[in-house]
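Per-chain residue numbering starts at 1, and chain names A, B and C are given in the order in which the chains are listed.
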């Protein structure tokens, strides 16, 4: 569980940096950058906790999120141009964050006695809606809706979790396997630029 | 009450299709379409339930919303070009949805002991904010703010409900009359392109 | 406490007018204007109350907010062109509103037993997020992220509050001094067009 907490914090750090980068590209001032970093990093879990009535919500109950985000913003402020050269490291952190956020969100919802389908949705909200809120606040169409197999990876990992959990595997094993599913699918999808289908005129019409 | 539940589900179906159509016009991928359909269909009730602290919130407490939305997305995927020819049917479902959402939201707020004015607002939030959230997520100015007498119809229907309720009419009668008020006002307004006034420079200035 | 309540209502009035002005510039209809005025005036406190689980939330628990906003919209409708000449009065109301919203939000969070850092954030959310929601709903990049020292003034006032509170000063004194800090910083910042720094390429790079 300790390792998972460390991964959660690393994921928060990576999400906060991704938010800070978007905000600084938009020429936001320091406060704007902090708010966007904050929303990106904890927005998904915050929405989940409000929806399932889990109070205190994530960042109110644990100040480590706040400090992590603040450090991430300072880090971005200091090393913005260097971070570009760390894109592989950042992608790794980010992907690990997605995996961990999905599974922790799913676990939390299950622990509140919610239906597995709802838990699956909550896992995905945890991983995805930080980025959605970031894009809404910076007045862009959320990236997640257009590209990236991101949400599908979370879904696949979440389903893996539920299946392994159903068959009674030990929690750590479940967590590692399911997180790996998410990380691998996302990495493969990004590498090969896989995308989900879009709705054309309709399925029976030639385009 | 059973009929009302059926109408609620029909309204959810119509709202989900309207969301799916907007999202597919924006070239969102399958996940994006599902999310927008979901938010459009249950976003208003979700916001209401979070604001009045009614947990579990609508779609968490009843999985039928989830399945209805999923079916609506599949339906849109398969028959997108045909739906255009069903615009009258869709408009009917949509308008019925608006009426039912308004009144169910109002009733729920009253059953939580809230002031009738708050209940009226909650009814309108239930009917209107799904579309607002859809527009925010697809980066458009919410339609409701610019055109359509939509919200006024909900308000008139809600006030009708409260008055009839005050005089002790039976619930079913109240529901049918109030819903009819909403449906008729909206249908007439759309047919004759009625609009609410806008704020000009000021009322005492000629334009 | 009575004076503070009056200031809270005055601030709500000023915020509602600012929202109504933005909405009428966007050519929204009457309902759109009311919704934007409403969200601008009570959106920050509403978000705070949802996040800290303080039910009934601000405007549900006290209908005076609703009436104040309605009067503000009517006032804007009638006197739009005159309000332009009242810009100093409006700026004063608005700034007092920011100060009062910050401190009342902070106090409320403290009274819920939350950590001072969280209380500080809640104070800022109370003062700032009404405007953020207004901008999101009117499809603009939130002003707060780009200009205006607004949030910094709230932060400074909030920290002043916490320090004076720590040393046991009487509540009224604390409130007046902290609110003055906010009002003065904002007034000075607007007068001299002070801004927070932005993230350049990075701190060690010449621009």
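Simple rule for what comes next: a contact is a pair of C-beta atoms (placed from the backbone, for glycine too) under 8 Å apart; a residue touches a chain by one contact, two chains touch by 3 or more.
On a predicted model such as this, the values are computed, not experimentally measured, just so you know.
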Chain A on chain C, rotation in degrees - Cα superposition, rounded to nearest 5: 120
Same-residue or different-residue interface between chain B and chain C, half as cut-off: different
Whole-Å gap separating chain B and chain C, where each centre is the average of the chain's CA atoms: 30
Multi-chain contact sites of chain C, meaning residues that touch two or more partners: 50, 53, 136, 139
In the complex with chain C, residue positions of chain A that touch it: 20, 23-24, 26-33, 35-36, 46, 50, 53, 55-57, 60, 63, 66, 76-82, 136-139
Residues of chain A that touch chain B when the two form their complex: 50-53, 114-115, 117-118, 121, 132, 136, 139-142, 144-147, 151-152, 195-205
